[in-house]
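Below you'll find the structures, each written out as structure tokens.
Common to both upcoming complexes is chain A, partnered first by chain B, then by chain C.
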Partner chain A sequence: MVNPILLIIIPLGTAFLISTLASALKNTTKYLALLALLANVWISISLLPEVLQRPINVIIAGVKPPVGINLFVGPLGAVFSVIISIAGVLILLYSFKYIEGEQQHKYYTLFLLLITGSHGMILTGDVFNLFVFFEILAISSYILVGYAGDKNGFEAAVKYLILGSIGSIFILVAIALIYEGTGTLNMADLAGKFSTLDPARRLMILVFFITGMGVEAAVFPLNSWLPDAHSSAPSSISAVLSGFVIEIALVVIIKFVYTIFAMTEVLGFLAVAGVITLLVGEFAAFRQSNIKRVLAYSSIGQIGLILFAMSLNSKAGINAGMMQIINHTASKSILFLTAGYMIVKTGSYQFSDYRGIAKKMPVSSFFFVLGVLSLLGVPPFFGFFSKLNIIIAALHAGGAFYITMVFLVLLGTIIESIYFLKILQVFYARDTAILDVKEAPFLPLLSIALFSLVILLGFLFLPQITSYTGNIASELVTKLQMAQVF
Partner chain B sequence: MNGILSVSTVLNTASAGLIVLGLYIVFTQKNLIKMVIGLDLADTGVNVLLVSTGYIKGNTAPIFSKAGLQVSQMVDPVPQALVLTSIVIGFGVSALALALIIRLYQKTGTLDTSKIRGLKW
Partner chain C sequence: MRKFISILLLAGFVFYFATLAGGLMIPSSSADRKSVGLEILSRAKGETGAANAVTSVVVLYRGFDTLGEVTVLFLAALGISVFMKGTGEKRKTVLDQSFILKTGSRLLFPLMFLFGIYIIAHGHLTPGGGFPGGVIIATGFFVILLTSESVHFNKTVMSVLEGLAGLSFIGLGVVGLLGPGNSFLQNFLPLGKFDTVFSAGIIPLIYAVVGIKVGAELSSVVYAMKESK
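On to the complex of A and B.
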């Protein structure tokens, strides 16, 4: 068995190695980062079949839980590690050409720390440890948002930092209240003891925790930082932030509500919050003229959709939500990464300036179309199956309430398709005002192409994918985690 | 402490006060430096809350400093370990915030969020 703790140690160690060896290695540090992430991909994939048999519980430093800290790798952790490592390695490949300059080792150090935090948040079995990894993830993403060093980047980074810190204050208050009430920080131990608290205190902890994590997960109304941060960051970082960072925070909320707090009665509220987030995101995206802001607002919409699906309190809903996460990671990464080179080549963020760009950048435009189609849920792309599953799961939940919600979700999708078709119309206009624009280099296109394989061929592997996501659903609904730690 | 106020009440009130005050500053002030000060205050409030969760009346610090000191005479050491971590993280975030604000000031020449009009605040 490969020890899952390597998923955290390898990127963390390499990050420090890169910053120490930066002066000797100059611009070859990126290959070190690539090696580390390739190792992560291999480890996370080799863990998958094992975890399906039996979840892995790693005891750290020989102190057994509930006193010591443990890592818990269930189906959720394993599948998310695969998503993080594969998306991470592909985006890193894109960065090879996209990020240039003498200081690039700083970018790779922070990128690896971000990956460390992501793996840690999803794998840890300790509530305070979760907070520490959350801060590793958050601090490295604050800096990466401002990496470009322009005015908008710094402004977005400061704004993200202030709101993110407020979020972490709320999380810490929730942790303090949890410890005061139950005397434990271990998630599995907590799941048993949490129900002994009185309902008012349970609700208080839940509200503090969801508010804190909700800032990072960009749930309405805590998402005002997202459009700025995701649009001002370098495009590769936008892809990371939209691709899996907000999803991780969301999944942590869902995991806590289902298994640790075991308060499924608040799920109806979360479903409404999800639909409101979806509509707010899509309506706001509709009015944008900056291409990256369109994509950022569309991420808010998608997060709302995923939250809605996962709050249905059924295995089918969680299953569909996980599929939508995979779809969103792949398709939103494609969109941000292709848009990245369009911005570099044309020097403009306004998509109205890209009139007829498909003639000059045919490959990029083609991939952009693929990303849009999968995000909208056009068959036979992967997004079709995930959206279809969400609608089916919601209709199964039944009742006038969920049927209204489904209508609103479909309304959101219609708005989404209108603004994306508007952009595609500009891309494929017959006349063009753009003169000397060339296609993006090979390496970034290769990374985008690998992402699009996921959405193109995803439907061939539907049975395998649903067997994994189905296991996640049973992990959450039947509280598998709790039985296996001690 | 004797009288009406117990130590826990004082600590809880102080931490709630600090958190509310800090968040109030963050939400009402327009000066970025003042916002960071607000965050620090709120952070301190959370730290006080964390430490207070481990308090046991009449017990001493969890260090084996004197012979014959029993574990049952000490307060809970876990929150103290947590609060150390939390202080370090808070320090790091404040330092990073101030560094970013310095760079932002160099680009815009102002610390007033209502005057930085690049993005919507």
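On to the complex of A and C.
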């Protein structure tokens, strides 16, 4: 058996190694980062079949939980590790050409630490350890947002830093209250002990935790940092942040609500919050003229949709939400990565300046269209199946309430399709503006093409994918596997 | 309209806390509950061999968190060096401090350095350890930097030290992973005689690398801030 802890210590160790060798290796540090992430891809994929048989419980420092820290790799952790490693390696490949300059070893160090934090947050079985990895993830994303060093990036990074820090204080207070009340920090142990707390105290912990994590997950009204941060960051980082960072925070909220807090009565509230987030995101995206802001607001809309699906309190809902996460990771990464080179080549963020760009950058434009179609849920792309599943799950939940919600979700999709088609219309306009631009280099295009394989061929592997996501759904809803830690 | 919205938001915030305040009013009844902390206190001495129970928690029971916290500090230092990446230009006026300050700080520096090492080396016996010890060493550098304008560090040495210390932390953990216990960060050394400097297995070693890392990081943060405009 490969030890899952390697998923955390390989990128972390490589980050330290790059820091040690930076002055000797100069600009070849990126190959070290690539090696580390390729190792992660291999480890996470080889873990998948094992975890489906039986979740893996890794004990750290030889001390059994609840006294020590453990990693708990269930289907959720294993599938998310695969998403993080594959998206990470592809975006890293894109960065090879996209990120230049003397300081680039710092970029790769930060990138590896971001991956470390992501794996840690999703794999850990301990509440405080979750907070530590949350900090690693959050701080590395603050820095990466401002990495380019321009005024907008710096402003966005500081904004993100302030809101993110307030969020992490909320999480820390929630964790302190948990420990004060139950005397334990282990998730599986907590799942049994949390219900012994007073209901008012439980509500307080729940609200603090959701508020804190909600900042990172960009749930309305805690998402005011996102449009700035995701649009001012380097495009590769926008893809990372939209692709899996906000989803990780969201999934942690959902995991806590279902398994640890076991307060499914708040799910109705979360579903409404999700739909409001969806509508706010889509309406705001509709009015933007900066292409990266459109994509950033669209991410808010998508996170709302995922939150709605996962709060349906049914296996079908979580299953559909997980599929939508996979779809969003692939399609939003494609969109941000293609937009990145359009911005570099034209020197403009306004998509109205891209008239007829499809003639000059045909490959990029083609992938952009693919990303849009899958995001909108056009058959036979992967996004169609995930959105269809969400709607079916919501209708199964039944009642006038959920039917209204489905109506609002569809309304959001219509708005989404209007503004995306507006952009595509500009791209494929017949009257070419005086654009003297060239196609993006090969390596970034290769990374985008590999992402598009997911949404193109996803429907061929639907049974396999749903078997994994279905296992995640039963892990969360039945809480059965939590018991296997002891 | 703006005023109205801000009043609405404020009212919502007050309502939010008023609803939650109930959670704070409940008297704490954790005394009768079995807590992890109490269990650690009862078994730390025999299990870790560290006279300082807090250290046994920080380095062994929750050593993985400490690795994360060291990484957070590393990130913070890295962030400062990214955002303050040298403007390159040297300041024109060099304010050299008085002779007394300069000599005093140079006299003070070795003492502070030695004290920092003492705090790190006795982390498993007395209050202290890698974090405070590292801070004391960095303060020594800070005093030197504040008083003498002409002092220059070798940044490369600093970043190599940081990286190597981090790598050794992980390396110590991996030895445990490869050892018979097959667990990351497991104590693989003999516990030694209780309450002596050479005891508690890998705890002093981990604290030593933490101390080096914290000292190097904080010193380079101070240096980066001094160098930037």
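Definition applied: the second predicted complex is superposed on the first by the 484 of 486 C-alpha atoms of A that agree within 3 Å, B and C clash if a C-alpha of one lies under 4 Å from a C-alpha of the other, contacts with A are read in each partner's own complex, and residues count from 1 in each chain.
We adopt the following convention: a contact is a pair of C-beta atoms (placed from the backbone, for glycine too) under 8 Å apart; a residue touches a chain by one contact, two chains touch by 3 or more.
A quick note: this is a predicted structure, and the numbers were derived from the prediction, not measured.
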Looking at the overlay on chain A, is there a clash between chain B and chain C, or do the two fit?
fit
On the A-aligned overlay, A:180 touches which partner chain: chain B = first, chain C = second, or both, or neither?
both
Taking the superposition on A as described, I'd like to know which of chain B and chain C A:162 touches: first, second, both or neither.
first
Superposed model, chain A: greater residue contact from chain B or chain C:
C
Quick check for you: in the superposed arrangement, does A:142 touch first (chain B), second (chain C), both or neither?
both
With the two structures laid over each other on chain A, which partner does A:22 touch: chain B (first), chain C (second), both, or neither?
second
If you stack the two complexes on chain A, which partner ends up touching A:103: first (chain B), second (chain C), both, or neither?
second
Go through the superposed model and pick first if A:172 touches only chain B, second if only chain C, both, or neither.
first
Taking the CA centre of chain A as vertex, the centres of chain B and chain C subtend an angle, in steps of 10 degrees, of 30
After the superposition on A, what does A:5 contact: first (chain B), second (chain C), both or neither?
second
Would you sort A:154 into first (chain B), second (chain C), both or neither based on which partner it touches?
both
Kindly classify A:87 by the partners it touches after superposition: chain B alone (first), chain C alone (second), both, or neither?
neither
Once the two structures sit on chain A together, report how near the CA atoms of chain B get to those of chain C, whole Å.
5
From the superposed pair, tell me which chain A residues show up as contacts to chain B and also as contacts to chain C.
128, 132, 135, 139, 142-143, 146, 149, 154, 180, 185
Contact residues on chain B for chain A in the complex?
19, 22-23, 26, 32, 35-36, 39, 42-43, 46, 49-50, 53, 78-79, 82, 85-86, 89, 92-93, 96-97, 100-101, 103-104, 107-108, 116, 118-121
Name, in rising order, each residue of chain A that touches chain C in their complex.
3, 5, 9, 12-13, 15-23, 58-63, 66-69, 103, 106, 109-110, 113, 116, 120, 128-129, 132-133, 135-136, 139-140, 142-143, 146-147, 149, 154, 177, 180-186, 198, 200-205, 207-208
Name, in rising order, each residue of chain C that touches chain A in their complex.
16, 19-20, 22-26, 28, 30, 33-40, 43, 47, 60-65, 67-69, 71-72, 74-76, 78-79, 81-83, 85, 156, 159-160, 162-164, 166-167, 170, 173-174, 176-177, 181-187
Which of the residues in chain A end up touching chain B in this complex?
128, 132, 135, 139, 142-143, 146, 149-152, 154-159, 161-162, 165-166, 168-169, 172-173, 175-176, 179-180, 185, 224, 228, 232
